[in-house]
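As written, the chain order gives the labels A, B and C, with residue 1 at the start of each chain.
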Amino acid sequence: MTIANREHFLTNIASRLGRSPSKEKPKRIWKYNPQAMVLKDYSQDELVQVLVKQCANIHTAVMTCTVEELPHTFQKAMESYGNGTGIYSKDPRFGDMGLTSLLTLNPALHEWDYEKGNANIKMAEQANIGIVISDITLAESGTIVVQTSKDNGRTLSYLPSNSIAIIPKSTIVPRMTQAAQQLRANPVTASSIHFITGPSNSADIEMKLVVGVHGPIRMTYLIVEGI
Amino acid sequence: MSMKISNEQFPNRLEENIQNEFMRNAVSSAQHRFQTRRAAAAEQLGNWEEWRNHGEEIRQHVLANLDYYLYELSENVVKQGGHVFFAETAEEANDYIVSIAKKKQARKIVKAKSMVTEEISLNDHLEQAGCEVIETDLGEYILQLDDHDPPSHIVTPALHKNKEQIREVFAEKNGYTQSSVPEDLALHARQVLREHFLTADIGITGCNFAVAETGSICLVTNEGNADLVSALPKTQISVMGMERLVPTFEEMEVLVSLLTRSAVGQKLTSYITVLTGAKKALEVDGPEEFHLVIVDNGRSSILGSEFEPILQCIRCAACINVCPVYRQIGGHSYGSIYSGPIGAVLSPLLGGYDDYKELPYASTLCGACTDVCPVKIPLHQLLLKHREVIVEREGRAPISEAALMNAFGFGTASSSLYRFGSKMASAVMKPFGNGETISNGPGPLKAWTDIREFPAPNKERFRDWFEKHKKEGDHS
Amino acid sequence: MKISLFATCLVDLFQSNIGKSTVELLERLGCSVDFPKGQTCCGQPAYNSGYVKASRDTMKHTIRTFENAQYVVCPSGSCAYMLKEYPHLLEDEPYWQERAQMLALKTYELTQFIVDVLKIEDVGAKLEGTATYHPSCHMTRLLQVQSAPITLLRHVKGLEVIELPLKENCCGFGGTFSVKMSAISEQMVDEKVASIQSTGVHYLVGADAGCLMNIGGRMKRQNLQVETKHIAEILNMV
């Protein structure tokens, strides 16, 4: 944990600004606040509609269901990717949503287990499907937010060929503004916070959109009511 | 590669690129797509001007308090277990990064797209130190494979290449045998690069925005390559231009929204990733060691000068995508990795007038760039400011032009001189035309009449007509 | 209404017909037009080339020349904008800045003046044919006059106005840019001419003599049949 060359560097900057270096936090006072107006006063149901509509723009399949229906809907989503091997985060919310037996009884599915070390990455690399639960969901852009931890690796969201994200309806907020506020209020910041909006893509070749470059090639959102 | 991408003189670069028909078609169709998508994304919000104002005030606030926020950022990176290196020059930055590579005995380095690392020629230095450096952004990868062809656009660097050319590069360098369909080409890159991600020793990223309050680095991509670069290798190094930071997550999200809408017309790109420090205890993936390199490389001398607003830039390329000059000449004509209006302002500041003094004149001052800039940089006014500095402070203007312009100032500041001069114009110009237009103009007019007709001076000046007209009016 | 005409140097020297049309048009609309004889140029050629000091005397001269005017009307969006920029450009000379401010407040581009001040949308002009309008950059983006010329053209009896494709792209004039960077300028004006040709119109209309000299000069060189007209000339056809 080192900081090198800081003093000279900052003194130079401050002198360009016509003063000595400051260690006093400036007040952030803004005249404008346009971000607060987006989807303002939308009900949770209206936000779901916005989210569902946005999925068409981001090449993402979307299904909505109740908690009771979730096991069935989840199986349909898995089938749509041809089942096969999968990896999912170690998350108590899977139990809350009644998915424990589906996940644990299927020998092709693996739970991220930090005690197994790099074997998790290998599993993610070979997995057909990666399964995560969104912590915060942005209706406007159709974005899930995943915070990594010892139980939820970074590569789980990136290496599998397909991705299924379970979105508890209660996690849906209008846009990134609310997510930024929530994350800012957290006492501990995760080492990696991923705002993921559909599958990976690129338009680097002749401006033609190719879906599926380095990350997942296809993605499905399951929006779950009642949780 | 460094910021400078060509040793040719500006007129030669121009000539070569103006004749590149594929490039020009690619640029005009790309501009069309970018413009349409950006306009729709801005329109959708309904209050785009307010967003721009907010973006501007955030960036100005950061620049006004830059020393504080860099201090806060560095404190928080260290609190999260990272290292911070402040590099005043490109050399210092490169030396530091090479020293880490040596310490780690790194053989393979994967990189996510980063303009600042191009600016400081980082890859050359790492390669000289014996490392294999692999660019993982699809566009950058193509260029690197094609014997380091320079980027021609700051967001889509391989814009000037077509899919056939890319297929040939893949075939020649990687033994690729599939089609030139973009999906096939991308799949090939995915397979090749996946292996590199998994076996690299160091991952290097740029930084779209650093967040002072948490010591975080925010990376914006559509491909997901930056995420793999920062998830798999044991050591991560992020390199940032010293001005690319924000106070908190709340300002970060506003600028990210402005960036993605302005750059590609998306509400958000597929991956916005916020990395904070090294991986935490018991985490399986993520780097064990995190280094943040904060680069000045000429930026501090812009701070506090009349060009300071250029440091507000968030590298969205919206100005490039509307520029009618870039449209005709493409990115390589600028001779710098920074092209278009942002390049014409920034390149002379970072690289000097010796190499870049023509760029501020390669603009009609049409103002399209200023209009679209999401953080309200007065780009065309900064181009004018460059011209003023070149003429009045640097004294680099051609003597003939200076004489002409001073005579202009003299002549137009005096009614009688102007009237005399304007009366003479008709007589002086008479031999060059047919009475209506001039086809072979003398002196400075030649460049005009090489391309177009020039109107012959009025036989009767407007002011003489007006006088007669008034008299007639008085009689009636 | 008493107005003072700022004709611009291009009109005074090379395009007197635009000046004549402007005067006749304004008189027909009930204005009394005066032409302060001391006027020269707005200063852009020097200013835009970086000769800021040289342009300052020109600016001050123009300020003095129009000191007594009630309204200053100018048949050029670019030059009108330049006059409106004076206060900003002279901000380190408070005495002149204040006088510049007075000038800026009473300065109007011609079509802006007709629509916003005279409140006239139909000037009673008639012309059979088709036209397309090139919105010049300074007028559109910097002066922010966008709808007035279109409104006026749409009311010309017999004239069909066809939208110009890629109209927002600069024509490549840019003052000294047109000669200094002639290789680029040529490409730009060629694309503009191609857009105009694609509309198949009789008239190309604009509100800035500079842009029209550029586009019109190129079309003339190529012997194209499209006629180049300043909007004042069109609006003066009765």
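One rule holds for everything that comes next: a residue touches a chain if its C-beta (ideal position, glycine included) is under 8 Å from a C-beta of that chain, and two chains touch if they have at least 3 such contacts.
Predicted, not measured: the structure shown is a model, and the values here were computed from it.
Visitor: Steps needed, at minimum, to get from chain A to chain C via touching chains?
Guide: Minimum number of steps from chain A to chain C: 2.
Visitor: For chain C, which other chain has the most distant CA centre?
Guide: Of all chains, A has its centre farthest from that of chain C.
Visitor: Report the pair of chains linked by the most C-beta pairs in contact.
Guide: A-B
Visitor: How many angstrom lie between the centres of chain A and chain C, each centre taken as the mean Cα position?
Guide: Chain A and chain C have C-alpha centres separated by 53 Å.
Visitor: At what distance in angstrom does the C-alpha mean of chain C lie from that of chain B?
Guide: 32
Visitor: Would you tell me which residues of chain B are touching chain C in their complex?
Guide: It is residues 11, 14-15, 18, 322, 324-325, 327-329, 361-368, 370-371, 384, 386-392, 397, 401-402, 405-406, 408-415, 418-419, 422, 425, 437, 439, 444-445, 447-448, 450-458, 460-463, 465-466, 469 of chain B that touch chain C.
Visitor: What part of chain A is in contact with chain B in the complex they form?
Guide: By the definition above, chain A touches chain B via 1-6, 8-14, 16-18, 21-26, 28, 30-35, 37-38, 54, 57-58, 112, 114, 117-118, 120-121, 125, 138, 140-143, 148-150, 153-155, 157-159, 175-177, 179-181, 183-184, 189-208, 210, 212-216.
Visitor: Taking the complex as given, what residues does chain C use to touch chain B?
Guide: Touch residues, chain C against chain B: 7, 9, 11-16, 19-20, 23, 35, 37-41, 43, 45-58, 60-61, 65, 137-138, 141-142, 168-170, 172-175, 177-189, 191, 213-214, 216-218, 220-221.
Visitor: Which residues of chain B touch chain A in their complex?
Guide: 26, 29-30, 33, 45, 47, 50-51, 53-54, 57-58, 61, 64-68, 70-72, 74, 78, 80-88, 92, 96, 136-139, 142, 156-159, 162-163, 166, 182-183, 185-187, 189-190, 193-194, 197-198, 213-214, 216, 222-225, 227-228, 230-232, 242, 247-254, 256-257, 264, 266-286, 294, 296, 300-301, 303-304
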